[in-house]
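To start, the structure itself, in structure tokens.
By written order: A, B and C. Residues from 1 in each chain.
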Amino acid sequence: MATSGVMSGLEMHDFAWKLWSLPRSITGSGLRRTLEMISEELGGLSIYEVPSGTAVGDWVIPDEWTLRRSILIDPHGKIICDSDVSNLHVVNYSEPFDGKMELGELQQYLHSLPDLPTAVPYMTSYYERRWGFCLPHQIRERLVNGVYTIRMDTDLQPGSLTYGDLVIPGKSKKEILISTYVCHPSMANNELSGPVVSTNLIKYLRSLNSRRYTYRFVFAPETIGAITYIHNNLEHLRKHVVGALNLTCLGDDRTYSLLPTRGGKHRLDTIARHVLKHLSKDYVEYPWTSRGSDERQYSSPGLDLPMISIMRSKYWEYPEYHTSLDDLVDLVTPSGLQGGFQAIQRTLDILECDVFPGSNIVGEPMLSRRNLYSTLGGSRFSVKRNLLLDVWSFCDGTNSALDIAHHLNLRFDEVLEAVTVLQDNHLVVTGPVLLD
Amino acid sequence: MATSGVMSGLEMHDFAWKLWSLPRSITGSGLRRTLEMISEELGGLSIYEVPSGTAVGDWVIPDEWTLRRSILIDPHGKIICDSDVSNLHVVNYSEPFDGKMELGELQQYLHSLPDLPTAVPYMTSYYERRWGFCLPHQIRERLVNGVYTIRMDTDLQPGSLTYGDLVIPGKSKKEILISTYVCHPSMANNELSGPVVSTNLIKYLRSLNSRRYTYRFVFAPETIGAITYIHNNLEHLRKHVVGALNLTCLGDDRTYSLLPTRGGKHRLDTIARHVLKHLSKDYVEYPWTSRGSDERQYSSPGLDLPMISIMRSKYWEYPEYHTSLDDLVDLVTPSGLQGGFQAIQRTLDILECDVFPGSNIVGEPMLSRRNLYSTLGGSRFSVKRNLLLDVWSFCDGTNSALDIAHHLNLRFDEVLEAVTVLQDNHLVVTGPVLLD
Amino acid sequence: MATSGVMSGLEMHDFAWKLWSLPRSITGSGLRRTLEMISEELGGLSIYEVPSGTAVGDWVIPDEWTLRRSILIDPHGKIICDSDVSNLHVVNYSEPFDGKMELGELQQYLHSLPDLPTAVPYMTSYYERRWGFCLPHQIRERLVNGVYTIRMDTDLQPGSLTYGDLVIPGKSKKEILISTYVCHPSMANNELSGPVVSTNLIKYLRSLNSRRYTYRFVFAPETIGAITYIHNNLEHLRKHVVGALNLTCLGDDRTYSLLPTRGGKHRLDTIARHVLKHLSKDYVEYPWTSRGSDERQYSSPGLDLPMISIMRSKYWEYPEYHTSLDDLVDLVTPSGLQGGFQAIQRTLDILECDVFPGSNIVGEPMLSRRNLYSTLGGSRFSVKRNLLLDVWSFCDGTNSALDIAHHLNLRFDEVLEAVTVLQDNHLVVTGPVLLD
């Protein structure tokens, strides 16, 4: 079902539930089905397949992984791990295995978290052949001695890696790249919040009458998918992309976070800090050394796209990270998703709306004859500061509305509203702020 | 009487008394007479008249205001307000009115200050027709019921706005603009300190053998007068003015203040901060958002003259501001005026005297053979720092004497004296520092 | 004996003892013999003589000073001061004098330190004819009344000033100038640590297979020697020298110190701060106004070589400075000299080894297939930061290894090692960092 309306927090949460149980990985049917469902939601996504064995940068596309129902059975016939119950029970990219094993030997194939005994950990082994099961530590501790039956029903065969993209044209050919990843199985903050907010941003941008920038949305597996996307579009990205956002960890209610560009001094960083400061003065800014998502690829030396990540609780920084506790019940909520969406939306609004206002007149405007200023002057009690005059005093063509907001310690939208009043009164003319 | 000598603090205070009771406004006879008396003091000021109705920038010159004796009489025939006692009793630019009114109806035309019950507030209504009386709150509270007689004997008729200027030529055609305003009736810090110090600076600059810069002094009503001056001299100001000072609030003894240029990084700001730091380490620097005088016009976008205000207690920031308590008895004193004058004088001295010294030699000068250094060396007790060598070590042609003063944490005049010794000994040559 | 091996701290200390008792001054046999012994240690130094009377910059080479055994004898025939016991007993550059004098008259020719009663002070009078003896204050206080015999057996005759230099060629004609002074008699931190560490650095640089820069070592008397060297080599220095170090005060164990370049923002300053921070986080950085050695000449306006001094306890800043207590027994030690040498050596290592690495690939390198990264991913417990990837992420050709060390708060050698691993794996190429 294609909807044109922007989703509420609850609708984003519902959409995340629809994608929840697909067995996503860096290749395979779970990834492919996820992209199809996003495509259906948006009324079309361009989907690409890149064959196993293709060299991309320093990497090679691996064989495609297929997961069928895989189970671990104890000596009494009781099912201990079942991929149909949670796809996290299987080490992602496990090779096929069918056999029996004493508990002692089996232990090396089991993964659990002693400090989070109720959680199923998320484990992967993309580039070395292994198999394994993940389970809560409290269950592992109660496993009985004896012979266990392993039915790891997977395939690792030449196939392809799948990714999708969607371009929303704007007045300028300059592009804002918005990338999110779709390779993690049943986890909510890291990852479903990313593709869900991305989907909603597409709806939001389409709802605008026009756009200043062209927007390029990418849905791909993390790391290998981003590298593949880069190498299939390298010259285009170098030529057109002027700013980039990585969408991840946008769903919980706890905090807001920023991973800035490598240099930390791009206009995107300034915009993001402005948005986050006014959303939550306690937001956390991380250093570049805390990076850990696709900015590692898009901001790679030799490409150097200025990419930021605006997040709620950042990957690595919340206890449920990369476990079954990163869920849609206790951690990621409708309001959490709504807050994450709003932070990105305000960032895009500044990208779309910031202007350089230049005064039309020399000497201050006479606001009183326009009913914009008190006509009774002189008193010590008259208003000392006037927002319109404060804003106008910076309208020399070199300060953008956002720059003026910083000079005056105001919100961007307050300044933009003042600029609009000045413009409506023919006191300033404006030109767009465009990233280089 | 034209005097050529520079005035003392006491003489400046006397001159302020002479101007005290003239009924100044943004037009009219009080303004005109004020300019004539300054002209007489200086032996000539160019005085200009701009007709009512003339468009200047976003504004229009209003009708000219004439104030004759205006009084408010209570039901017992007692005079409550009398413009002959203080011109502050009349709302500036009051329209004529002659009539009788019950106290209840009259109240809307009265202005007083509950928190300063002995003060007559200063009120204006230049651009909307009104009339009103201002009086001490303690008197207002004791007004008896009954019918009051109002004799507001004013005129609002087409006439002209008056301003004056005076140019002191220097070696360079580059100009320093020094503007002050002459539209406030009987108030001392804000405003008579401004025109009085301005008058004295003209005397001071004339007393110099020569001047590096040309100085342009402007005496005009605030806001509308400055805007008028700008539009009558726009191309000239754009072409020649390289620095500007607004003279206001230069008369009390309490503190020193700086309103910097909009960007805050002009050489004028550096000079002013240096002067003020050495006059009073507790001086206050205000942000651009605290501006409130003619820098709003001269630093307007599209003209952008770098203008600073060096002040004693800044407008808005002292309790007597814009009331009858801003007087020449308790607030503004000879020593206060002298301090204000001195701050501006030192600023101009740095503008006139700062140089870029460049060494004539490679390797340190031998000071001992010039009797500038001890001949007995070696001891741990010999002087470790030598002012001449410290200064000389920065004489690479890129540091001015003021820059060196900052590097060495010295006063400008200490460094200039050292540079002069080095120059007299043929160890450095100097070139003038000129604003761009 | 010419040795090719680098000296240990103990060997440097032994070499300082060999030079200890030579009667060094700004001219004469003690200076000449010192240079010869350094030349012997290094297998050759170019030695130059500049005649008395030669004008150099603002100075003139003075007459040459010869010191023979000079003594002061008390009324009982007891020798109070004897230049054979310590050359510090004679005011350096004393003129000849042979005569008798009452104690009262003699006092004006005596120098001692009341606050350091056991120390013989170091005094000089190069440019004004004087004679004098220096002695411990506790001995001076016990001098008996009566007639003293003075035998000041010196010469002040036209001769020459001596200095030496040595150039070690490198791949580039760009030169690093390393200057040290050889004019102080028996003192250890200020001065023998300087020429001794300089000698050892020559051995170290020769031990390298090749050098990026050409190194120019200068051994000259302080001030007049440096000025002479500059004027005899002015155009060469201007054309070729891109960085300079002044070697002094490198021998005690107490602290590390830095006197930066005049501007304090040269790459040499950055390197020195990095080296010192990692040697001792409590190192002291002094301001330019604390300068007091040959940076006064080499960084003179008109030449402006960027010169730094990396020191242990800085001249002026330790109580034994310029007295007989600045010795090789209690103050300057083998470990102190080794630490001083090491600080300079690490500075030269960064000059020689720093590179700009640029990535060969777009998108991150795949470290796991090179056994440089764990193959089992996903877990919250996997290593969050990877040194190789952190370093590589800055390899955009604009950051040097030292710059990356600052970004990552690591030591230079840690980053250089990572760059080397990346280079060995063909992931980056590098180019040298050369001072301009």
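Just so it is clear, contacts are C-beta pairs under 8 Å (C-beta built on N, C-alpha and C of every residue); 3 or more make two chains touch, one makes a residue touch a chain.
From a predicted model like this one, the values you see are computed outputs, not experimental measurements.
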Proportion of interface numbers common to chain B and chain C (over half same, under half different): different
Which rotation angle, from 0 to 180°, best lines up the CA atoms of chain A with chain C, given as a multiple of 5? 120
Using the average of all C-alpha atoms in each chain as its centre, how far is it in Å between chain B and chain C? 56
Multi-chain contacts only, two chains or more: what residues does chain A have there? none
Under the touch definition given earlier, write down the residues of chain C that touch chain B in their complex. 56-59, 92, 111, 113, 121-128, 130, 223, 226-227, 230-231, 234, 262, 288-292, 296-297, 299-304, 316, 321-323
Per the touch rule, the chain C residues reaching chain A in their complex are 358-359, 361-366, 368-369, 375-380, 384-385, 389-390, 392-397, 407-408, 427
